[in-house]
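The following pair of complexes shares a single chain, subunit A, combined with subunit B in the former and subunit C in the latter.
Our next item is the complex of A and B:
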């Protein structure tokens, strides 16, 4: 069984680790590129949202590389993502591929089906082995998330732009090779030291939050590397979403996840009184939260035709007006150009700087 | 007390039920006129660019009613109408989107209906609405019962082959309708959301055009729920949107049983669920000896001549195949 899975930011690091621990041969699809996008959008339904197209592109590239089994997350709605697997399977079948799909639906009360799927992936290993493999994968992701959070602060202040990104990339690959908890602890320590020794300017940067649909937020190829571009403009970024948050909310029920859910509900209540699937409620809630935390602005990222985010997008102008909190919504699809995104980001940052100057006087 | 019901989205599913209920608890029901250029313009101007056409039209109707001095706008939040599925995410956030986008609105009646939760059952929603309008509980309950009964009458009329407009006329104007018979050599299934299929303006009167061409039309609402349920099970995974599941079930039924000569699938631009189910329908049609199927995508720029040509060509092709 040669296993593959779709890309979403650093997700591959955790999944690859866990699957290799279980003794699978893992084929990580090439990083999403122009080619992935072209392959994917050629064969996807025209109005499907961008993540589906990139996913499909990843699968096609992985199949070229010899994969025969695809692991995919599912869902029970109402976001379209939950039905991706079923549609993608059908598309690949119609294209003549003979491929096995293992689709993980979030447990949400259907534990038996979930455990069944888990055993299939488990490769005959006992359940505790599967969990320990998963936990090891998640641990690596947690470290990466932690380092990235620190990286955001440093990127805004670093003298030689790009240094932090370089360290993070390097660490990512070191973590990929690591095979014990001791090793990853050492890598974390080293990376931290390296990050803290980056030469920094003494400035008080603008603080901008990034929120929106998780795939677009996490995948730099899709969002035109918004985080780093903002970093280059000396802006400190904070993301509302990290990959481990998603894992904790959907795969492993945790107090942290529940608490976060309640917070989101409370914060978005005055504007959006019900969950709308995907990350729609989060986007509205994060505007309220970051406005309270005195951030200077927020960038809201979404794929074209994304249903939950369209709802958020329709509501955000009101939140922005009420709280006097600038929000920039960027919509991404296969035709998005980097120059357009950059121009809008620059204009947004200019606006935030002006606002700050006016406030001071 | 005047309550306005915008003529859009779930209007086509539930209007008779809503009307009977609201009148039963002593409200006067006002609806907006059928969609027109004016209403569409009101909608496109007031809504966000990225929402789908049916929501834009709904906004148009809402703005129209808000300008007609109604005391309340009836925009319930319909979250789930069956245990295992939701409705479209746009319905989940509809009252909030309306409230936060439009200015100077009358108060909304936005009770939540979610049959997955006991405290959000349709009856609970009815009680909440009744309370909001100040009606006594006994009256609310009797109005609710009557409304449910009316809903089934409405569904039965549509099963017999009447369009929602005709069925509403029969129910409330007590007008008899003769079904036109004879001279129809081919049958076409027109499949899609009722708010797309039956709204004459955005579809440029597709149903009327087919009638003129001598085609017998079958829509999803004319198919028995058992058949729909049965054929929806052929999906690779249970679809978690109720209305879309009905569409797929209806189309699969028509394809598998060869009940019609061809299918026209009406979808709106930027419709999220449609983007996936259209793919499934097309794939299913291909797998059933290339069953004839045409997809018509509607948006606010749909042109009459283009649509007419495509429909005529499709009908001609079906006649040739016979």
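Our next item is the complex of A and C:
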């Protein structure tokens, strides 16, 4: 079995590790690129949102590289993503590929099916082995998330722009090669030291939260590197979503996941009292949370035609007004020209900067 | 006398203006078409600005804005390279410090800027579609064989504006053609179009924003009196079109440059000789990874001034 899966930020690191631990040959698709986008959108329904197109592009590139089994996440609720696995399977079959699809639906009450799916990727291994493989993969992702969070702070202050990104990139590949907990602990320590030794300016940067639909938030190719572009403008960012949050909520039920869910409901309540699919409720809740945490503003990212985020987009102006908290919504689709995004980000940062000057005086 | 030059290179037009320290234009502002060749347009614009400039003006700062602001900035040697939102807001505030709303419609962008107490508090731009911007009006004027300058006047002559779909130019054009073939007068169709564009702007770009007077309407499309009236009708308040409405971005860029130079530093402006300098741009595709970034190089007489277009930053050079 030569297994592959779609890209979403650093997700590949965790999945590759876990699957290799289980004895699979893993084919990681090339990082999403213009080619991925072209291949994916050629074969996708025109009205589908960008995540489907990029996923499909990833699959096509992985199949070229010899993959024969695809692991894909399913979903519940009104977001279209839930049936993308099934649609992609049909598309690939119609194109004549002979490929095995394993679609993971979130467990939410369907434990038997979930365990069956787990056994299918388990390669005949007992359940405890499967879990320990998954946990090792997740541990690597947790380290990466931790380092990225520190990286956000450093990026805003670094003297040589790009240095932090370079260290994180290097660490990502070191973690990929690591095969024991001891090794990854060492890598974490080394990376931390390296990050903290980056030459920094003594400034008090603006703090901006990034929220929105998870795929767009986590995949820099799709969001035109919003995080780093803000970093270049000396802005400190924090994401409302990190990859391990998603894994914990969707793949492994955890107390943290339930707590987070509870918090989201509480925070979004006055504006949006229920789940609307995808991350719509999160987007509304994060405006409340980050306004309370005294962030200077929030950037809301969404794929064009994304239903849950359209709901959030139309509620956010009210939240923004009530809490006097600036929010900028950016919509992403197939365009690769960066000028529009940069103009809006620059203008937003200008707005925040001038606001802060006035508030201080 | 001290002067500051502002260059605004948009998708359709290029604007160059020289202002005094108070923000008043010196000489006639330049407003020409970019025609897909920004380098040529910038040089031509700078040359025209020089021709008309009163004697004895010393340029103490230069600013650029618009979608080609980086290119323009490298070419002329800018002290301030800023986005269009900030530039437009700064220019409008200079004109009327009490302004609460700016409607700006250009060639491919339309934006709304909300200000309170002289501060930008919110803004929005059209997202994935350029319906209702200048390019579309241009195209319709051409199709109807009417000079774009007369478009607005004609709209005012309409007796019963027809209903045109506004949210998509394809729908709008098909509505217009249908009504034209039914025999409606050109005036009624144009007036209908102006109303459709104002309606679309308010429900799309300005969605969820509180529009309070004073409202300033600027950008190339503000020349169209038909749209101005359509906005007034829809908003129920007066909409002001400033005298230099089409070069407000350039004025803003020059004001931002002046602000930057307050500490008395020396300008990077290369001088009006920019108009005669030799600029070449070339491009290549980087094969370092699957992104295949398209890299652009700007050179002057063989000397590399800037290079950009890569995602990873390995080619990026900007002369400072």
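The criterion applied here is as follows: the second predicted complex is superposed on the first by the 360 of 361 C-alpha atoms of A that agree within 3 Å, B and C clash if a C-alpha of one lies under 4 Å from a C-alpha of the other, contacts with A are read in each partner's own complex, and residues count from 1 in each chain.
Keep this in mind: a contact is a pair of C-beta atoms (placed from the backbone, for glycine too) under 8 Å apart; a residue touches a chain by one contact, two chains touch by 3 or more.
The model shown is predicted, which means the values in this text are computed figures rather than measured ones.
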Practice prompt. In the overlay, answer first, second, both or neither for which of subunit B and subunit C A:314 touches.
Written response: both
Worksheet item: So, does A:114 touch the first partner subunit B, the second partner subunit C, both, or neither?
Response: neither
Fill in: Partner chain in contact with A:146 - subunit B first, subunit C second, else both or neither
neither
Worksheet entry | Which of subunit B and subunit C A:346 touches, first, second, both or neither | second
Worksheet item: Given the touch rule stated above, what does A:30 touch, subunit B (first), subunit C (second), both, or neither?
Response: second
Worksheet item: So, does A:273 touch the first partner subunit B, the second partner subunit C, both, or neither?
Response: first
Worksheet item: By residue count, is subunit A touched more by subunit B or by subunit C?
Response: B
Item to complete: Could you say whether A:49 touches subunit B, subunit C, both of them, or neither, answering first, second, both or neither?
Response: first
Fill in: Which of subunit B and subunit C A:326 touches, first, second, both or neither
second
Discussion item. After the superposition on A, what does A:97 contact: first (subunit B), second (subunit C), both or neither?
Written reply: neither
Practice prompt. Starting from the residues of subunit A touching subunit B, keep only those that also touch subunit C in the other complex, and list them.
Written response: 304, 314, 317-318, 331
Fill in: Residues of subunit B touching subunit A in the complex
47-48, 50-51, 77, 79, 85-90, 92-93, 95-97, 100-101, 112, 235-237, 239-241, 269-276, 278-280, 283, 286
Worksheet, complete the sentence: Counting only contacts in the complex, subunit A reaches subunit B at residues 45-49, 74-80, 82-83, 85-87, 89-91, 94, 103, 271-278, 280, 304-308, 310-311, 313-315, 317-319, 331
Worksheet item: Any idea which subunit C residues touch subunit A in the complex?
Response: 67, 82-86, 119-123, 125, 127-128, 207-210, 289-292, 311, 313
Worksheet entry | Touching residues on subunit A, where the partner in the complex is subunit C | 30-31, 33-36, 161-162, 221, 225, 304, 314, 317-318, 320-321, 326, 331, 333, 335, 339-340, 342-344, 346-348, 350-351, 354-355, 358
